[in-house]
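In this document, chain identifiers A, B, C and D correspond to the written order of the chains, with residue numbering beginning at 1 in each.
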């Protein structure tokens, strides 16, 4: 049974220099796992994520990464991801090499990765400069029509990390609601770490729901609230107020560093992280 | 006013691929006012959503709970957008040129950016595959530029039919809705021209707020001011949204 | 609202010479719709189906088709599809041109069709003679590794026909259980006809279940029992006894012809079809 | 006996891609007897099924109702089989040659068939991607042929390492289980040789029932007869299956 603490799971499965995808499209973003990676001071990661929002803002600002593969990087509905911006614009805290796609291109890359195909296909990137700045975006001629179709190389992370609603005692994982490209990212990876809201005796998954069988999961950790400030459908809502507040926190290097110091380095796990925020008057 | 103008340009049963912010507000306003069977698709995988409040993010829970179905993201792009099922895509950007090409990637050179923007996201393929695109963007000489710093998504490329000649499946941008009025593409040159203005805006002001020499259509119509019904519906929508977003989150820990 | 009778739906949407996919992988096979196509004496169809089992045995034996695209054609767990065999081996009742794939190849072709890509990709057909007899099976060189990857042309039927558990009054359709490649076949087609066990006021589909929105459905017909002798999860089980009995019925041209005459041509709709079988002592 | 032999060759936690008939019986017998955590995948899209009775078809309801999850068929082939997640594939066929290549397509020429068989189905990609394959097939000179009428799925192709040289991801057929005994491939030539026989079968009989000059391994072992426990489990499984399949279907009409 692959059930572990989050600390053990990150220690065992995330190594310096790994290609790491923390996925979750607005919903079920594995924030607690990202914080644990910061806490364990992983370095030189190649971070992969369609939407490097607050989570990668924190991890990149904390110096975990020197590569980023992505398709949209901002604070959704609020504005910039200031730490990501400063890494790209001013190489602070260190240079960040970006590998940029469109959402459709990156989705095709995850699908190719999950399918263990050497490339993914899409009708995309038409007339854009993305193919100019990303040499990974190429094309093939259709063997039937001769039409040129865009290609992307597969994404096969060393480890994918997800947050989900439930796991059972065997380690089978259930996700429900907006599931983004999480299943593809999970099945594309060499290792898969999942944090969940709760571990239950029986999953009782509805027919045709999104389930990852235990035998493809490297480790499951029970981390209630582990998606905050994103949300877990059926458990808690998105903390829009914090997402707005993050704009201020992240705008300034020192304020950001103090936040990471106080809440991430200054706590030993997600429970303490939440307690520290509450102690400072954050309502959650 | 941009929201109301965009909402008026929607029709019932249209399949709309919607982003966050003004497009989402416009599409939902249209749904509430006159297009109850408009189909809203958000790139997060929610098809046929009928949110009661506006989402802050593209993947808020409200979108999933009110959807006809929720599908994985690769499916949205492959089976729905790329398959040509979307009638109308809404796009915003940091820069637009006279042919409706958009930049949402970077100001300055890509390798040494002056301002790094969030990036293209779903836009390149929305711009390519949606049967038509509406662009919603505030007008200023800094946003309506003679030449983009980076092409994130294609409008009419170099104009004069280049987009169609290169075989793009969608017809491209058919309207730019600004805070000065409405631009439409010239059917021959593909260049966007001013075809309507808000009551309080002069043509000269609209021309001055554009970084390329903006031409005007044969007649520049005046866009009727928002009706009481429109204003009220929009106000209520925003009020519901504010109230919903003000609810404090309670973690189960 | 696209709700119609099955007769109307077939009259309007299935024409002589069409490429028609009746899908359903063992489960939810649209038998009643196939019988209505026989009843309306459609001719020169290009039938498409991964597993042309009893249903296409009946339609091909009745002379509806002169092309068949497929990947496995037998009576599952029982033996041969005798009518399909006789069409191929002896051109009876007419010649049948086959376009043969593997399951993986055909699945990739439906995916390409649903995605409106000009080809589908798979690592497949390795070392087989299928590529020799089917000129549609080709390959492309990977633009990253140079590896040759098999390709299939997309399947885009004129009409796809499915059976599902439920539709609501708007015409949204819910499928549950084994769903095969039905969604891909549905979204690949120009028109989509669905028969359902029942029409309900509200679908109440579980989150992330397989739903086809009303606006992609050309017509819905309420045909309870319409998947018999296959099954509809939650409504009735597979009629294994009939599948075994079919081996005898279909082995002989005249016995087959008499069966079609009595139960299909001799009835006006699915209800009468079931009544006729019951009248003759078939327990169902 | 073939079922029991195949069941003994399975191990706990193995991920098995299972077809209908003997493979399904063998895999479920193994699960009931000694491999409770064996993972059974049927190509209909059911992953981790634990059927209480044997399915007649590859997509019986029992398979869905007892599965860890049920996924679309294209996903099974792309994300699970092609991705290399299957440890063991079971295949049957109408003909097999000395290198474990299989024919399930046609007897006679493809264009003028003497007997048209059901076709390849999932076999070509199971044969390619499963880490190893067991073939279950009754032995006779008509099925164990010197040369196939049609190659539906690849074993070792022409032998002598051709399969590996051509870069197939899976290791290919590692056993042929027959009603005479068990064959394994020679590690150098890839040719299948008799390595074990049932108690009541002579080596001479096995050689006579093979259409190519069947060689024998260094020693031909004797396969232990079914134990009481094995026989009983198999009998009970078949009895439950018969009872379940005898239940009359009742249509809601």
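Basically, a residue touches a chain if its C-beta (ideal position, glycine included) is under 8 Å from a C-beta of that chain, and two chains touch if they have at least 3 such contacts.
Everything numeric in this text was worked out from a predicted model, so none of it was measured.
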Contact-richer chain pair (by C-beta pairs counted) among A-B and B-C: A-B
Averaged-CA centre spacing for the pair subunit B and subunit A, given as whole angstrom: 27
Approximate Å spacing (C-alpha centroids) for the pair subunit B, subunit D: 55
Separation of mean Cα positions, subunit C and subunit A [Å, integer]: 40
Contacts with two or more other chains, residues of subunit A listed in rising order: 111, 116-117, 122-123, 147, 177, 179, 183-184, 207-210, 233
Sequence positions of subunit D contacting 2 or more other chains: 64, 70, 78, 82
Topology of the chain contact graph, where touching chains are joined (line, ring, star, complete, other): other
Which pairs of chains touch, using the document's own definition: A-B, A-C, A-D, B-C, C-D
Contacting residues of subunit B [partner subunit A, same complex]: 20-21, 43-46, 55-61, 63-65, 70, 72-74, 77-78, 81-82, 101, 105, 110, 113-125, 127-129, 150-154, 157, 163, 166-169, 245-253
Subunit C residues within the subunit D interface of the complex: 25-27, 50-51, 70-74, 76-78, 80-81, 84-85, 88-89, 100, 102-105, 107-108, 110-111, 122-130, 133, 147, 177-181, 183-184, 197, 210, 224-225, 228-229, 231, 233, 235-243, 270-271, 274, 283-284
Contact set on subunit A toward subunit D in their complex: 111, 114-117, 172, 183-184, 187, 205, 207-211, 213-216
Sites on subunit A touched by subunit C in the complex: 116-119, 121-123, 138-145, 147, 149, 151, 153, 175-177, 179, 206-210, 233
Residue numbers on subunit B that touch subunit C, as the complex places them: 13, 15, 39, 47-48, 64, 68-71, 78-79, 82-85
